[in-house]
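One structure, pasted below without further comment.
Letters are used for the chains, namely A, B, C and D, taken in the order the chains are written, and counting of residues starts over at 1 for each.
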């Protein structure tokens, strides 16, 4: 608890982002110390330095895919552990200062991802809109409210538009109406969250060499134990073209025998493997487990081998 | 040739980007009509509409990975074909207007990717630098030269700094000194580039369902024919969390029997597969081909089966 | 038809064996010329030399497994083709000359396989029975009828016991009451039997080297095309310990696209592969075929690739 | 030691067979009690009943393949353990009573396997030889020496010909001059033979269902752990056509981590698996072991997982 009576959390700021909304879903976070960070990397570094107990950052967006900054920052450096996940629906509004009509809007500020997700609405409703890049949707809204930046409107969350008292010229303007982002709460190494039966395990796996056989060998560690993967993403290591690591989410908890066995198999072929945590799924969906990959099957096999080694 | 005497190319602009540098490596492009586009999508749409003959866009960066906008834009819409690739080393400079000393720099404009790649140098050389997002490195430089934007320096390519007459306060400031980006020249469907023996084939493959078995089945189409993959990237389809397609580069040309056979196998299990082209590798590196996956082995097997079907 | 008006068949004799019973199930065989052979090898050689049109030999017994002599003889030498199969239930009787009571039986002659299959009954009904090896069950019965060999009873088929007028001291004395043997009719190379939708294809596949990976690569040629194997047997090549070939029966006809594709894949990795025929299953059981391995899927994939190669 | 001062062994008799020659290679067996048995099954049953300490039986012949009687007898019934193997070169002679010239030989007695292995020599040297089946090569020789059976010569081992004082009309008459048979010494369950680094592990694995996928899943348990198979044979269960089990020899000892892990994986998917022993190879050949399947890799993976489960 970092020496204080209340827990402390960093998050990808500024205030009013979807990330803060995710953090507020954590029990007790409403009364906790909440520290906005300008980048995912600095939010995570605050955990590593001990400045905060944990950090809330986005990991996967249903439209844009994995959040590269998070995937990359968590994959290297001092070890961290994901302890919780939250799902937040993503909806955008076109916000403007009081008195601005939709017909007046020429220049629109927002983050590049939000701009990409609202192109159809903007093309249909704002003649020749000019895009002004901003470092976040909340920053665009804040600059707009402050009269800075020389633009007429911002694409942002309803939350931040409301907080800043901006007028809403268009509601739910994203191309995909049920977009959702998954956020993770990241702490330091320590006791694992308890197994719930509907868990997720996140791993970072260096891809040994660039041929399909090597990737198949890695995937086989999961497939052979009946462990499903709900997310698999490649990320460049930054060293040279074609040098990748894989970021994957596997169904199950490391205390499930089939997951533990898969992890040991992965460690043998790729010892640089990094375990990023086992934690409850936000959607509470349990995987189907076949008999031969159940804990019972693992226990029975261990006992059978024991009798052989004991000479019985 | 689009009705004109000279070929015409769109590219991800503005002028002075690394993309234009890639385009200029294409024989004859120096005398061609070159049309900068504001986004990858619009560069590609100019090909689809027939406004230009082909478009040069980035596809893969050794530091940032696949270029999402390209991967996504080429994966849907009217079919396109990659006909050529170019490799361009990526080096950044910190550019300022004449008279600005390094010690004066507080606010630095650039594209988000460039900012991410120069953080170590900036943290070490510019006290408390503030990041000003820009839509491209060239745009940042141009605004700086024009005295617009309220910032003191820009991170951009040496090419554009030189063209604009900006002073260089720091050379080769990227964290990784041998960063390189791969660019592709994209045309419409038509005759395939000739097989050279050192070719690449690019595909978009919908991932049927989210389990490792399905992905392994896809990878096995390559592995079973000894076809190496030099790049494999997942991209969300944008429909819902966990719904992905794969963008892959396979060694070889579709006129190689083993590649053709792999493509047919892929089509059977994933008929939504999209072929994006077979083209010569910029590095001219030929793959090792085992005897049992050679064209000779395919021909011999076809002939053998023919004798059986003929009742001989 | 070998120059004669009626077809001619060799079979594993002597007369009265189960093999002759199988041959008599072939339409028209009752009026054909039937030539008993003393060994499977000589029955097959009669086909190779042109002395007969085809040979009936056993290939698989539900109790004893593959018939080694057949598997080995058909795997080498001039090529042969299986054109038909028959299933014959195997039942044994204990036969003796008139006047012999069960209590008088001390020495029993039969073929080693029959002896093995009737041990339980013999142990229960004949005190201290002594085994007298014979080259076939029919030969044992014939010697018994002729008063030769110095034994009291023979284990043979009901058919031969009846023909020779022997008394039956025990009926259906096999340990397994529903034993069945599969027989094959083997001709020379020629036109394939027509595809019926419920076919079998028999192959001989040299195992390249003695590791599981090589065998898996072979099996994957079937598995990847959804081709089921109803029989898989290893046989030594006779060269050295651990040097084996595989004899397999695959569901389907070589004119099925998935089977043809699997055979081509096998030929590439193991060019010494031998095709022994596609023929209708005696039990008329059709395999389930998944969409992606149907003839339609193969045709669609071929057409799709054709459009790419044509530059469309 | 069965209550006696000297060990006792059963073996597939009669005296003078190659099996007795194999038994005599076991240290101390020359002074042990040696009990010939008429069948492999009865030799093994003598171990099960405690009548002897162990039994020597043939398991694999380089010409004829696996010895079915051994594979089948050891696969069912009370559990047994292979504790040792011996390799014996197989050479045959044509033996006759003194005074018989080669030109006089018409009828030759021997075991069916021996007859098959000497066909080329016999066809070349004895005009129109007639085959007289015998239950073993030694029995044929013994009957010949006793003047029984009405035949002129026997095909048998040089050992038994010498013991019986028979004349040798042809030496080394087998078609394959370097034929060898592998024999196994089988005891009851108990302490495992020590790991030597050049070991073999023998298993009986029921094949779950008759499709290549199931067999591949079984083979993958070995392949995924880098465990080579030096012998793999199918045997019918005797229940119905197409119902098989597999008899395999794997390189390595159950105390090797990779072998133990493979066995546990097999037990999970096929709990009816039977372990038949780990024992030193007669040829002392050690397998190549890749780093990721070494004991060290297993230990490192176990320790790594331990730190995760401990919350470190």
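What we mean here is this: a residue touches a chain if its C-beta (ideal position, glycine included) is under 8 Å from a C-beta of that chain, and two chains touch if they have at least 3 such contacts.
Chain by chain, the UniProt names read as follows: A, B, C, D = Prephenate dehydratase.
Since this is a predicted model, take the numbers as computed values, not measurements.
S.K.: State the smallest step count from chain B to chain D, taking one step as a move to a touching chain.
M.R.: Shortest path length, in steps: 2.
S.K.: Would you kindly state whether over half or under half of the residue numbers at the chain C/chain D interface are used by both copies, giving same or different?
M.R.: Because over half of the interface numbers appear in both copies, chain D and chain C meet with the same residues.
S.K.: Please tell me the distance, in whole Å, between the geometric centres of chain B and chain C computed from their C-alpha atoms.
M.R.: 59
S.K.: Between chain A and chain B, tell me the centre distance in angstrom, where each centre is the average of that chain's C-alpha atoms.
M.R.: About 26 Å separates the centre of chain A from that of chain B.
S.K.: Multi-chain contacts only, two chains or more: what residues does chain D have there?
M.R.: Touching at least two other chains: 220.
S.K.: Using the contact rule from the top, write out all pairs of chains that touch.
M.R.: The complete list of chain pairs in contact reads A-B, A-D, B-C, C-D.
S.K.: If you look only at chain A, which of its residues touch chain D in the complex?
M.R.: Residues 189-192, 220, 224, 254-255, 260, 263-265, 267-269, 271, 275, 292-293, 297-298, 300-302, 304-305, 308-309, 311-312.
S.K.: Show me the residue ranges of chain D that touch chain C in the complex, using the header's touch definition.
M.R.: Per the stated touch rule, the residues are 60-66, 68-69, 87, 112, 116, 131, 133-135, 176, 178, 180, 182, 210-213, 215-216, 219-220, 222-223, 227-236, 238-244.
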